[in-house]
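Each chain carries a letter (A, B, C, D, E, F, G and H) given by its place in the written order, and its residues are counted from 1.
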Amino acid sequence: MNEAALVALLEGVRSGDLHPDDAMAQLRRLPFADLGFARVDHHRALRQGLPEAVYGPGKAPEHAAAIVGELLDGGASPVLLTRASPEQATAALAAHPDGRQQGTTVVWRPSAPRPERVVIAAAGTADLPVADECATVLTAFGIDPIRLTDVGVAGVHRLLGESDALASADAVVVVAGMEGALASLVGGLTPAPVVAVPTSVGYGASLEGVTALLAMLSSCAAGLTVVGIDNGYGAACAVLRMLK
Amino acid sequence: MNEAALVALLEGVRSGDLHPDDAMAQLRRLPFADLGFARVDHHRALRQGLPEAVYGPGKAPEHAAAIVGELLDGGASPVLLTRASPEQATAALAAHPDGRQQGTTVVWRPSAPRPERVVIAAAGTADLPVADECATVLTAFGIDPIRLTDVGVAGVHRLLGESDALASADAVVVVAGMEGALASLVGGLTPAPVVAVPTSVGYGASLEGVTALLAMLSSCAAGLTVVGIDNGYGAACAVLRMLK
Amino acid sequence: MNEAALVALLEGVRSGDLHPDDAMAQLRRLPFADLGFARVDHHRALRQGLPEAVYGPGKAPEHAAAIVGELLDGGASPVLLTRASPEQATAALAAHPDGRQQGTTVVWRPSAPRPERVVIAAAGTADLPVADECATVLTAFGIDPIRLTDVGVAGVHRLLGESDALASADAVVVVAGMEGALASLVGGLTPAPVVAVPTSVGYGASLEGVTALLAMLSSCAAGLTVVGIDNGYGAACAVLRMLK
Amino acid sequence: MNEAALVALLEGVRSGDLHPDDAMAQLRRLPFADLGFARVDHHRALRQGLPEAVYGPGKAPEHAAAIVGELLDGGASPVLLTRASPEQATAALAAHPDGRQQGTTVVWRPSAPRPERVVIAAAGTADLPVADECATVLTAFGIDPIRLTDVGVAGVHRLLGESDALASADAVVVVAGMEGALASLVGGLTPAPVVAVPTSVGYGASLEGVTALLAMLSSCAAGLTVVGIDNGYGAACAVLRMLK
Amino acid sequence: MNEAALVALLEGVRSGDLHPDDAMAQLRRLPFADLGFARVDHHRALRQGLPEAVYGPGKAPEHAAAIVGELLDGGASPVLLTRASPEQATAALAAHPDGRQQGTTVVWRPSAPRPERVVIAAAGTADLPVADECATVLTAFGIDPIRLTDVGVAGVHRLLGESDALASADAVVVVAGMEGALASLVGGLTPAPVVAVPTSVGYGASLEGVTALLAMLSSCAAGLTVVGIDNGYGAACAVLRMLK
Amino acid sequence: MNEAALVALLEGVRSGDLHPDDAMAQLRRLPFADLGFARVDHHRALRQGLPEAVYGPGKAPEHAAAIVGELLDGGASPVLLTRASPEQATAALAAHPDGRQQGTTVVWRPSAPRPERVVIAAAGTADLPVADECATVLTAFGIDPIRLTDVGVAGVHRLLGESDALASADAVVVVAGMEGALASLVGGLTPAPVVAVPTSVGYGASLEGVTALLAMLSSCAAGLTVVGIDNGYGAACAVLRMLK
Amino acid sequence: MNEAALVALLEGVRSGDLHPDDAMAQLRRLPFADLGFARVDHHRALRQGLPEAVYGPGKAPEHAAAIVGELLDGGASPVLLTRASPEQATAALAAHPDGRQQGTTVVWRPSAPRPERVVIAAAGTADLPVADECATVLTAFGIDPIRLTDVGVAGVHRLLGESDALASADAVVVVAGMEGALASLVGGLTPAPVVAVPTSVGYGASLEGVTALLAMLSSCAAGLTVVGIDNGYGAACAVLRMLK
Amino acid sequence: MNEAALVALLEGVRSGDLHPDDAMAQLRRLPFADLGFARVDHHRALRQGLPEAVYGPGKAPEHAAAIVGELLDGGASPVLLTRASPEQATAALAAHPDGRQQGTTVVWRPSAPRPERVVIAAAGTADLPVADECATVLTAFGIDPIRLTDVGVAGVHRLLGESDALASADAVVVVAGMEGALASLVGGLTPAPVVAVPTSVGYGASLEGVTALLAMLSSCAAGLTVVGIDNGYGAACAVLRMLK
C-alpha cells in the first residue's frame, strides 16, 4: 500500500469510481493473510527486501508446512524453512516437494544466480554448521559464497594466504567461537563490510558464545558489525540487505 | 606491499637491478611509521578502506597531535581524532589548524560529497551525542546523512511518518538506548542494511546500554547488525564499508 | 479473622459467653488447613482476591490431588492446578473429575462469565504456550480474552491493524520473547494497563528470556509493568487484581 | 486521526470539498509538533491516557523549557518535567511560572482531585525519594496517595498494623530496595493490584537494585507486577492506567 | 598433633627415649590415611568439630564405599555419604550395612540425641528435598529438628502462627527459593541465629536460586547468614558449629 | 505484646476491668513509635535479640539524631548509628553527647563486658575498615574481640601461627577480599562457627567483592556461613545471635 | 618458511636457478595441508613449540582420524586427539593403531622422557578427570608428573605435608573447583610457576567453575596464571611452553 | 624453617644444648615481623622466589613507608611499592630515599641485570600504563624487557614485522584491552610461554576488561595463561617464576 496506490485510491474516490466505504475497506485491508495460527506477511519482501522465512522451533509440523504453502502461493521470492526439526522438514517437503534441504534449512524457489563475491570465513571445523546455514540462505538468493574454513588466528598464515579473496570481496561473514579473534583480523584485511557471527563453540571461558559475542562487539577493527550467537541466517540476511 | 609490487621486486632481483639483501630489506620494511610511542598505519586505507582514526582516550595531547600530523603527511584521506578531550582537540588543532571540531570529534581533510542516502534515526534526544558522532564521521567522508530524531516506538506514528525516507535509504543507522526497540521497527520498514547502535541512555533496567545491546542482537527483524554501546564511530565505519 | 470478628470475640469474653481460654484458642486458630505436607490457605481469596492455585512442580501427584480437594472443599472460587505434569493432572482429575485441562493447567469450578475486555497479544507462534496459560487462567475467572497472535514488530502493520482492539481494552497482556519490543509498541497504542510477559523464546542473544525481561523493564512506553519470564499465570493474576 | 476523521476526510474528497492533494497532505500531517530538536507528541494523551512527560536527563535547560511550553500550548492535561536538574527546573519554571516543583519533578496544570485510594508503601527511609517521585506524579493527576513509610519486613508488625489500608486500596505501590521482600508480603495482604518498584538502596549484595528487581519478579505472591529500578514515575503511570 | 603432643615428643627426644630420626618421622606423619585415590582426614573432627562427610558426585561407587569404611574404622563420630547416587548408596550400604538412607544421604553411626531446639522452616513443598538433607544431617548428630513447611510469606499468618517456635529456637534454618523473602521475615521474629539456604526452586526470574541467594544476602533483617544454593548439608554443619 | 500480656488483657476484659474498646485500642497499639519520618521499633530487641541500629545512608542528619534519641529513650540496650556521614555523626553526638565514634560507627550506652572469645581475622590491611566495623559493634555489646590482621593465605604460616586462637574461639569472623580463600582455610582450622565477610578489596577479577562472595559461598570447608559484601555490621549481629 | 629459506629463495632468483613465477608460487605455498574439511598446520610445532592437537568435539570420526593421519605423516612430534568421543577414538585408533588412549585423550608417537619435575595438585577426587587430561598431555611430551590428590584447603595439613614436592618443582599445575583456594595456598608455598585450572566441580555458588576462575584470577599470591575452566590440556601446553 | 633446620633443632634438644622449652619457642617463632598493623613476611622470597611487594591501596602513607623499611632491613632482594598514591610514594621515598619511582611503582635495591629476553607487547597506546607496570617490576629484578607497542591485530603486519623478536623470546607478556585478540595471535607466533594481561581499555562492549579477560581465557592458541585485569605486576611475577 504505497503512496502511489494511496493517490490512486483517493483519485477513485474523487471521481466517484470508488465509494468511500470501499476505500475505507481497502485502507483497512492489511497486507497479510491470517491463517488463524499465524499471520503470513506477503509484503515483507517489499518492505524489507527479504521474504518471511519460517522459523521452525515451536511450530507444529503441519503449521510449518501450511505457512510455507501460503508463502509459496503469495509471491515469487525464495521461501525458507529454518532450524527445521526432521518432522517439520518432512512435513513441509511432503506438502511442497520442490524444496531442497541443507542441514536444518529447507529452500523452495531459489533465486537466479547473482555475481557478488561473498566470503564466509569459519575459524574452525566446529563452526561449520553455522557457516553452512549462512551459505544455504545466501545460495537461496543466488549468491554462491566463497568458503574459507579452519582459518583461526592461532595459525595466522592460513588466513593471510587468503588475503586476496578477502580484499576483493563484496562482503565477508566471519564465523567464530572461542575468543572470536578472527573477526578483528579479517576486519583489518579487507575494505568490505564484515558481518561477525559469534558461535557457541568453545570451552574454558567461552560461555556458550557470549565471550565471542562481546569480543566481536569490542573489536579494534573499525566498522565490524555483529549478529546474535549462532545466527548464520541473520548474517546472510544482513549481507543480502547490503548487496541490494 | 601488494602482489604487483612483490612481482616487481622479484623481477628486480632477477635482472640484477636489486641485490637480494636490498630486496630482503624492502620485504622487511613495514607499511607503518614508528613514532616511538605509536605505529602509524599508512596502509590501513588500502587494506580496510578507512584511514586510521586517532582514538583520543589515554593519549597525551601532544601525542594525539603528532599522530594526526603523521597521518596528514602520509596520505590523502580524511583524518579523524575521535572522543577527544578538550586538551587533545586544542593541541591537535593548534598544530594542524585546518581541522573542524564537532562535539568530541575533529576532522581534517574531509572527502568530497557523495550521493548516497544514509538515514540516522535516534530514538530520543538523549541519544543525540552518539548520533552526532556517527553523522560527523559520515560527513567527513562526504556523506550528508538524513537525521530523524525523537522517533521512539512509544509514539510509533512519528516513525511511520518517515517510512519513505527509510524505505529509500542506502543504509540506516538506528541509535537507541533503553529497550532499543526502534531497531526492530526500522528493520521491518526498510530493505536497506540497518546498523543498530545501542546507547547507554536509560534507567530502570537498561544496565548502561547492555539491555539495548542484547535486545538489538535478539531482534525479530532479520538482517540487523549491531555495533558496541555508544559506538557511533563504528556504525559510521560500517556504513562506509557497505557503500564502498 | 477480621476486625468485626475480633470485636465480637471480645464482646463474648466481656459478656461471659466466651471463656478467655476459648477466646485464646480462637485467636490461635489460623485460617489454613494443615494437611501435614502442605498448609492450604482458605483465606487467600479474601486477602488477595485470588484463591490459592496449586503449583505443580515438585509435588507428588497424590499430594497435588489432595490439595485440590482441600481447596474444593473449603470455598466457592475457581481452583487451579498449574504447570501440572501429566501424572499430576491425571491424579487430580481422577480424584476430582469435574476439572478441565488446557495445556498444563487444570481448572475446577470456573467462575461465571464477566464482561471485561482483555487482550492477549503474542509476538510469535512460539510464544503461544505462555499466552495460553494466561488465557486459561483468565477464562477460569470468567473472562474471555481477545487473542492477537503473530503481531511482532518486524511487521508493524499487523499490529496497527488491531489498534482499535488495543485502544478499547480494559487491560492488555503482551507476551513476547526475543527483544520483547512488542510491549513498547503496544504501550504506545493503548491507555489500558499493560502487563508484559517476557518469554524464553529466542536465540542469538535472548539469554532464555532475560533480554526480553530487561527490555520490557526499560521500555520507553510509560506505565508498563512486567512479570517474570514465561509467567502467563502471574500476568493473568495481575489482570484479575486490576479488574477487581 | 481516528476513524471518524478519516471517514470525514474521504467524504470531503468525494464531495469535492477537499482536493485529493489536500487530503494527501492531511493524511501526511502527523499528530506531533516538530521543534527541530524534539517531536512533541500531542496525541499521546489520547493514545496512552497519559500526556508526554518531559524526561530531563540529557536535555539542554532551554530545550526542556521549550518542550514544556509546547505541551502546555497543545492540550489540557497535566504537564510534567521529571528527573530535572536544578538548571532545567529553573529554566522551565522561569518560562512557565505556574509549575510546582517537588523533589526533581515539576508539575504544571495538575488535574482535579480524584477519589481513588492508592497506597504507597516504602520499606525504609532511604527509599523515600523514589516513593516521593511516584506520589508527585499521582498527585499531578488528582490522586492523593496514602503513604506508609518504614514498614520493612524485619519488623513485620509495622506492616500488619496497616493491613486495613492495604486491604481496601484500589492500588498499591511497593517501594523497596535491599531484598525487596516487602512486595511479597504486601501482595499477600491485599486483593488490589500491586506495582513493585525496586530501588537501588542497599549494600552487601543488593547490586544497586538488581537483587530487589529479581526478587520482586520471582515473588511467591501471585499477580505482582514490577517496573524498573528506582522508577517511581513508571509506577505512577502504571497505576494511572489501572484506574482509568 | 596438638601442642601437648609436641611437648611430649620433644621431652622424649631430650630424655633419649625417642631418637631424633623417629621424632622426625612422627612429625612427618600426617593425620590422614592415603587410600591412593583419596586422603581420608581422620583429624577433621578434632579440627572442625565435624567428621569428613563423603560427597558423592564424581566418585566411583567402590571408592565411595571404601572412604566410608576408612572413616568408620578411624573414629567414633557419625559418618555421612551425601548426594549419593543410587549406585553409590547401594555399594556403600552393601559394604557397611549399618547405615540408614534418607533421600540422597546415608548415615552411619548416628550420635546420641541432643536437646537443642533447631527449627527448619521451608517456604514451599518444592523446597522440601533441601530441608530434608539438612534435617537428616542434624539427626545424624542427635538433633531432632522442628519442621515448619509451606510457610511462605504470601500467606504470612501461616508463619506468624509459629512465632513461638521461632522465638524459642536455639537456631533456625530457613529454606526458600523464588524471592527468598521468608529469611527476612523469620530474621525479624527470632533472636536465634538464622542460617538461610536459598534453593533453586522457582521460575520467572529466580535464575536457579541466584535471586534467592542475593536477596538473602541483602536482607534487611540484621545478622542473617547464608550458605550456597540448595546446600542443606552446609546449613546443618553451620548449625552444628553454633551449638558446639 | 507476648502471650502472657494477651492473656492478661483478656482477663481484664472478662473481669470488667478493661472495656472491650480499650482492649481493642491496646491490641491496635503497635510496638513502635511513629516519628512521622520513621517508625522506631522498640520491641526489636525482644524479637531479634538486637536493638534497631540506625543505618545512616539516606537519612537527614537531624532525622538520624532524632531516631537515636527515640531509641535511647525507649530502652536500655546499646544504640548504634552505622555508616554515619560526618554530618550525621556530628548531629547525633551533639544531640546525645554520650556516644563514642569509631570509624563510621557511633555507639551509645554500650553493654557490660562479656567473656566470649570472638576472633576477627582480616586477610590484609585493606580489609581493616570492615573488620573495624565488626569489632566496634561487638564491643558495643560487651565482647572484646581478638584481632588477627594480615593473615592472608599466600603466607599460610602467619595464620597457622594463630591456630590455637582459632581452635579455642567461640566464634570466628573472617574478613577477606580478593579471592576470599582465608575463609576456607580458617574453616578447616576451627570447630567454631565461622562467619565470612567478603570485602570489595581487590583488583584483577575481584569484581568489587563478588568474587570473594561467591568463593566463600562455594567453600570446601563445611558449615561456613556468609554475609553480604563489606557487611561487618551484619557479621557482628550474626555472632551476637549465636552467642545469645 | 623462515628467513634463511627466504634468503635462499631470493638467491635462487638472482642466480637464475629459480624463475620469479616459481618463486612467487613458493611464496604463496602455505605451510599447511588443505584436506578440504580442515587445514592441517604442519609448522605449528616450529612456531609454537607444540604440534597441532586435534580437538574432538564437532568433528566427524572419519575426519578426526584423517587429521590425525595427516599430522602423523607430516612430522615427528607427538600427535594428540583430545576430548574424543568413543566413536572418534575408535575411528582414529582403527586407522592409526599405535595410539594409546587415556580417558578422552589419545596419544600417538609420544616423546622420549624428560627430567623436569612437574606437580599436578588436585583439590578433590572430582577434579581428577581434568588433572588426568593434563597429566596425559604432559606424559605425551615425556614428562612424568608428580600427582597430589585430595589436598583441598579445608584440610591444609594434607597439602603442607607435600611442601617439599611443591618447593622443588619446576612447574606446578593446580586443579580445583568450588572456591579454588588451593591455587592461592600453593602459590605461597613454591617459587615455581603455578598454572591454575579452575574446574566446573562444585555446587552452592560455584556457577560451573566461574567462581573458581574468578577466585584464581584474584589470588593474593603473586604470579599465578590461569587457564580456562576444565582446561587441563591448556595447562599442560602452558607448562610445556615454560619448560622449553 | 626448613627440614635441615628442624633436624638441627632436634639434634640440639637431644644433645642437651637446647632445652625443650627453647625448642618450643623456636618452633613457635614465625618467619614474619609483626608491626602491629601488618605482618611482614621475610621468608616469602625463599618460599615464593619473590619478596613481598607492598600493595599501596588502602594503606596509610606512614604504614606503607614503615613496611618498606622493614623489608629493606630484613633481606637483600628488591623491594617494591606498587600502585602507590602520590602521598604513599612521597612518604616512602622520604623515609628511604634510595628508591626510584616509575609511574605508580617505586623500586628499592634493584637486582643486577639478567640476560633473559622478555617481550612485552601492548596492543594500543592506552594499554601502556599496564605494560609499564609490568616492565618496571621486571627491571627491578634485572630483566630489561623488549617493548612492542601499538601492535593491535587490526594492522596485523605491524605484529608480523616483529615475529623474530617473538619467536626468540624466553617469555612474552601480551597487554591488550578491547577484544584482547592480540594474545591469540602472539600465541600462534612464538613457542615461548605467553602471559596475557587483559586491560580495562575499551568501549562498546568491553565491560572494563571482562571481555578481554574472557577472550584470552578462551583463546584458540594453546598454552596461553592469563592474569587478572590490568595486573601488570602479576604478569611480571609470573614471568619471574618461569625464568627462575
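Operating definition for what follows: a contact is a pair of C-beta atoms (placed from the backbone, for glycine too) under 8 Å apart; a residue touches a chain by one contact, two chains touch by 3 or more.
Remember, predicted model here, so these are calculated numbers, not experimental data.
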{"item": "Distance-maximising chain from subunit B - centres being C-alpha averages", "value": "E"}
{"item": "D-E or E-G, whichever has more C-beta pairs in contact", "value": "D-E"}
{"item": "Same-site or different-site touching of subunit C by its copy subunit D, using the half cut", "value": "same"}
{"item": "Distance from the mean Cα position of subunit H to that of subunit E, given in whole angstrom", "value": "40"}
{"item": "Intercentroid distance (Cα basis), subunit G paired with subunit F, Å", "value": "49"}
{"item": "Between subunit E and subunit F, centroid-to-centroid distance (C-alpha), Å", "value": "25"}
{"item": "Multi-partner residues of subunit F (at least 2 other chains)", "value": "44, 47-48, 124, 154-155, 187-189, 203-206, 213, 217-218, 221-222, 227-228, 234"}
{"item": "Which chain pairs touch, all of them", "value": "A-B, A-C, A-D, A-G, A-H, B-C, B-D, B-G, B-H, C-D, C-E, C-F, D-E, D-F, E-F, E-G, E-H, F-G, F-H, G-H"}
{"item": "Of all residues in subunit F, those that touch subunit G in their complex", "value": "123-124, 152-156, 160, 178-181, 184-185, 187-189, 202-207, 210-222"}
{"item": "Of subunit F, residues touching subunit C in the complex", "value": "6-7, 10-11, 13-14, 16, 19-20, 23-24, 27"}
{"item": "Partner subunit E, residues of subunit F touching it in the complex", "value": "3, 44, 46-50, 53, 164, 167, 187-195, 213, 217-218, 221-228, 233-234, 236-238, 240-242, 244"}
{"item": "List of subunit H residues in touch with subunit F within their complex", "value": "28, 30-32, 37-39, 41, 43-44, 47-48, 52, 55, 57-59, 63, 213, 227-231, 234"}
{"item": "Contacting residues of subunit A [partner subunit G, same complex]", "value": "124-126, 128, 149-151, 154-155, 157-158, 161, 201, 203-206"}
